[in-house]
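Right after this note come the structures.
You will see chain A twice below: alongside chain B first, and alongside chain C after that.
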Partner chain A sequence: MKKGKTGGLMSLIIIFELSAFGLLAFRDGAVDTNAFIAAGILFLVLAGSYALLTAAFKHLDGFLLVIVYTLLAVGMVVQYRINPDIAFKQLLSIAIGVAAMAFIMIFLRKLERINNTKLCTIVMVGSVLFLALPLAIGSEQGGAKNWIDLGFFSLQPGELIKITLIYALAVYLSERTKLKKLIPVGVFVLLLMVLLIAEKDLGAALIYAGVIIAMYYAATGNVWVTVAGIGAGAGAAVISYELFSHVRVRVAAWRNPWASYYDGGYQIAQGLMAIASGGLFGLGLNLGTPKVIPAYHTDYIFAVICEEMGIIVGLCVIALYVLFLVRGMSISMGSADRFSALIALGCTVYIALQAFVILGGILKLIPLTGVTLPFVSYGGSSVLTGLVAVALLQVVAAQNGRRREGETGF
Partner chain B sequence: MSESAYEIAALTMRFWFTALMVFLLWRIIRAVLRDYSAQRTAKKADTGYSLGVLEVVAPKADGRGRPHPLYGRRFALKRENRIGRAGSSDIRIKHSGIAPHQASIFQKGNRVLLSDYGGKKGVYLNGERIEEDTPLVDGDEIAVGGVEFVLHLLTAGQTARPERRAIEDDGEFENPVEYADSDEYDADSDEYDADEPGDGRGEPYDWTDFVREGGEAEKAQYDGEYDEYEPDDSQGAPQKRHIRRWRR
Partner chain C sequence: MKSFRRNARTVFIVALALFALLGGYFVYALNTYGMRWQTNPYNVRVQSQKNSVIAGDIKDRNGAILVTSDDEGNRVYADSKTLRKALAHVTGDNFGLTGTGAESFFANYLLGMDAGLFEIIGNTFSGAKQRGSDVVLTVDAELTKYAYGLLSDYSGGAIVLMNYKTGEILLMTSAPSFDPTTADEYLPDKDGNVKEDDGALVNRATAGKYTPGSVFKIVTAAAAIRYIPNAMELDIECGGPLAFDQETGAFLEQVKTTPEQDKENRTNPDFVPEYLYLRDYQSSYHDTLTLKQAFAKSCNVSFARLSLLLGGDKINSMARAFGIGEEFTFSDVALYTSSYQKGSNPYETAWSAVGQHKDVMTPLNLCMISASIANEGVMMEPKLMKRGVNSANYITHALQTNAYSSPLSSLEAQTMRELMEAVVENGTGTAAAISGYTVGGKTGTAQTGKEEDDAWFTGYVYDDDHPYAIAVIIEEGGSGGKVAAPIARKVLKKAIELG
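And then the complex of A and B:
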């Protein structure tokens, strides 16, 4: 991966964020120095980590990094526009996530080292306990009890456990494909789903289901079981529709948001109106009215992007997720062993599926689900999990690169 | 800044942000596509891969003045080529002065090297006997046991090796340096051609004999040789005996 190719792209990202923050600094009467501070810290985190990572790792997938950093930058800009305080919190999460990414890339050079059943069992047990934590000591938010409030910041185990889910599935699916031998991970998955439903985090459940089905199909190629799995998922969706009232509200709102405008349809309607009023080029940064949209800085941030920066920029964001999917798939297909390929696939499917689920919900293609837009939405756990997924993808990409160059070590 | 001034600035910069994002996206797409097609070409290059060609330039004539059958023959070079009389050689030359396992031309990293397997007569590069693995360049003259070659390198100094999948490794590539001390070149081994007169190695061969044309020694060399020379169509058949996996 020649640095020249992606270095230019990084400069474009920096130009974007500096000019955007520069503009935002003048939105009120006095000059907002915090904007420059935020821009500066973001520059240090993104450009600094990019320089260090490309220098340290010869086979880094620079494109993946550029795509993710672009999304992070766009998210930061819009969040600062909405609320400078949450922007600084997001900046902290980004910094922690990038550090975690570097840490994983340095210390996990061979993925095979973590491919053992004993470690997997420990991880699975820990994950179930961690996911059960919000039920015990968590706080409720928007009907779902999936958060843990730790004072300064909040944790969402449902997000973080996605990585352990991918890991456990990869460990088991890489070696055995007969259903009988998959019982441990099957039990694990079942427990996770039960906990998620108990916490009413149906969005996360949907993402989990998608990742599980995708990884299972990739590992086994068993069409019948996969179709059965999709059928079971659809059945579960229908059952949840019958059981949970807020699912019914969501579906009704999806079908006609304006009929239930003062109830469930308000969010979708406001989102659609915001996107439409943005037009091709947007209303201009800070000139829109994002705060009338519920969840404007988390799930619905895409609507704010479209309102203020235009549909063209919105389409670019969607295209970036498509590129992420393409890049991740090529990394997965370039792997030599099943474990790495499955890990890469799981991470790619997780990000891409989550992006398309929330984008589809905002655009009224599918009923709205409460998941965050990876890298763009505000949410420490979301950003951290996304960057860990990127880290795993980079580890696999590095393995592929080393193998291709015929070096020893793999 | 006043509110209206900010409004104008923000309205103008809309186009700037849009253009920037579209440009960035376009550059990313273009670079990703180029990277993808480069990988595809690298994959394709792997199948018909050839280092170059080794062409025989001497001996030109046999003892009777007729063109020597070996003269002008060109051997396509793979990533590793063992030169010798043995049937398992990649470049099999049935010439009395050549040992069963004489030399090897192989690629290591981005260089092409010439290696001597330790025969009695030695391997000569541009007139000088080589002691260790020596890099080769296009146009080099290699001489082993009475046969002279000129090297035509097609891919000198290639830096990026085409992608190889570990699972398709068929063991063709072995580290020839491991053979330097091997005792596979055995004077009494029965890998010699049984049709050869005597013990198959002919007269004791002196490198300087070759320079004298029409000399007695040379005549003795070729008398038994070219009758037995048959077109050797075993070149290119991958030989897999004595394979050790190349450590990647």
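And then the complex of A and C:
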């Protein structure tokens, strides 16, 4: 990737971000200087890191970075419009996430270095203990018990474990394809799924399952086991429908949110009304009524985007995830070793699937399960995990670039 | 790595397909349901718009004002209480109780949400209180008032009349009705008590799911014409009740019961029936009838025999073609789904072929079926909004007729007209005849388990200048031919008079 190709795109995002914050600064008559401060910090973090990373990494996938930064910028604008305090917290998460991303890219030049079973075993044990933590000392939010409150900030282990899950699967699947040899990682994923269901975090369970199946199929090409896996997942869904009343409520709300308006359908109905009210071009930033939608700044941020910025922008957001998918998969398929390819594939499927699950839920295409919209929704754990996934993709992209350079003799 | 790339490509394609589905569904759903979601009474944005915008007028097709706003923005309804009640389900109310009336359904016009971007910006800067668009409906207020008056002698019912060439609804009225000016009495009072629901808020023309009875024979007859070769030449035997096996519901051809025997059996309290019987409703039997005669006399046994020849699946596909079982998503009308169920054995199929068993039909759907027969087999989408005119007198919405589907070929439609016109000429529906006009129709007397049967009539005036189709349901009115047909005649005649 030549430099400068994506620089123009990056400037467009900066212009969007600054003008949107400009609008928000003047919304109440008096000038809101905090809006300029937030815009300035976001500008420094995004444009600064973009400049530094493109300078430091010859083979950076600039498009991927710009896609992610666009989503982060759109998210920040909506966060600030809804609640400036929350926006500053999100800004801190973005800064930490971008720093973590740069850190990983700088210190993990060769992904193969972490491909060892011993490290993997430690990671797997640690992950299970970490994910079990909310059950012991966690707090319940929105029906799911998947948070740990650390006083000054709270943490969602289910988010961060997505990365270790992808890592463990890649370690095992890169060298072994026989089911017998996969038992350790099989036990690991089974424990994770049981914990997630115990914490009632069905959205995360769905994404874990999708990532596991996609990575297994890519590594082995074994159609039968894959189909059996999908079947087992469907069976588990049916069993949980029969077993848990909260699942039945969700399905009823999906089938007809208007009929069950006061009994679970409220959120879906409010989201649909918000989206329809926005129309093609939206009601205008700050001119909608997004706060009637539950979880407006987290899971339901897409409905707010559609209400105020219109269906056009909503479709653009969907298109950005499709572009992410295209870039991510091309990085994965351009990789020379299975381990890197699997890591890249896992990270791409995780982001794309999570976007699909929440967007499909909001649009009433599939039953709603509460997960965040990657990079856009408010949430430190979500933003950090997403950016770590981007870092891993960039590491693989850099490996690919160096290899191609060697091959063609540049 | 080669096989990995191949597998990864599969994963990629599946993921892309999911997103294609998502994007496609997004656009489709908003196109189809967007307006309903937006104008939903739960939508607080519409409520807040009401406070900042003076809502536009609702007028009938001749310009008569049905609802307007006073200087303070309060809604003012027509002076005549009868007119208010006759049109209540069409205009809707200002409290969102009838979610499908014009007040809710066309709220985006009435509240100026159809305004252009520049208009909104202009209003924002000038600070003027925005005025919404006027909505001109397709209905005729005078005709509606007249028809509602005819319903007032009965406990309940509905009448719909539409132009079968354009789909415009000229009349839609439902009884019992309510007065929109005092509709708030249906809201919970300050102690949380709710007025007893007397069903007045329901628009029976669109949401009333009635047992169709013999009007369903239109569907069975159309299926016979389509699927049985030379159906018009058929000799259908109907010398007495048909017997079915009590266990399996299978038809027992060899068991013959004469009408006299049957009458005796039925009056004998000690008689224990060996079989299930399908009888004619008025116990009128004939030797053999042609399809045309059977339709004109509305002979149950003949149609039961047709159902045995056709089988439930063919009747079902004809019903589907007429929109029965379809979830309609019309832009102007929220129409509930009618349904046909063929049943699990020949006995149930026979009853469902004559409109009993579990069949249900909405009056508007039935009216659309008659309309499609008169309109050479083309079913027009029902329309309620003729025009939207904004405060600058600019037309923001104009009616666009839409051929919704083609349930019949023009030849089939012509044959069906022959059948329906025979009903009015010399069959059960003679009370609907209008001298000087060709009227076709079908009566129905639906057994519902209530004290009196529901009386149905549906039909049309075959006339280029007055292309009207009608459906009338009178709850517990008794015989369709004696009660519903004369009402249909009066309403059609009034519609012709009014132009």
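The rule we apply is simple: the second predicted complex is superposed on the first by the 406 of 410 C-alpha atoms of A that agree within 3 Å, B and C clash if a C-alpha of one lies under 4 Å from a C-alpha of the other, contacts with A are read in each partner's own complex, and residues count from 1 in each chain.
Convention: a contact is a pair of C-beta atoms (placed from the backbone, for glycine too) under 8 Å apart; a residue touches a chain by one contact, two chains touch by 3 or more.
The structure presented is a predicted model; accordingly, all values stated were derived computationally and were not measured.
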First, second, both or neither for A:S332, with chain B first and chain C second: second
Partner chain(s) touched by A:Y217 [first = chain B, second = chain C, both, neither]: second
Which superposed partner A:C316 touches (first chain B, second chain C, both, neither): first
Partner chain(s) touched by A:L9 [first = chain B, second = chain C, both, neither]: first
First (chain B), second (chain C), both or neither touched by A:F281: both
Chain B versus chain C as contact partner of A:F356, first or second or both or neither: second
Touched partner set for A:F26, first chain B, second chain C, both or neither: first
Residues of chain A that lie at the interface with chain B and also at the interface with chain C: 281, 283, 319, 336
Touch list for chain A against partner chain C, complex: 214, 217-221, 258, 261, 269-270, 272-277, 279, 281, 283, 288-289, 292, 311, 314-315, 318-319, 321-322, 325, 329, 332-333, 335-338, 341, 345, 349, 352-353, 356, 359-360, 363-365
Contact set on chain B toward chain A in their complex: 1-2, 6-7, 9-11, 13-18, 20-25, 27-29, 31-32, 35-36, 160-161, 163-167, 247-248
Chain A residues within the chain B interface of the complex: 5-6, 8-9, 12-13, 15-16, 19-20, 23, 26-27, 29, 63, 66-67, 70, 74, 280-287, 309-310, 312-313, 316, 319-320, 323, 326-327, 330, 336, 403-408, 410
List of chain C residues in touch with chain A within their complex: 1, 3-12, 15-16, 18-19, 21-23, 25-27, 29-30, 33-38, 40, 42-46, 48, 117
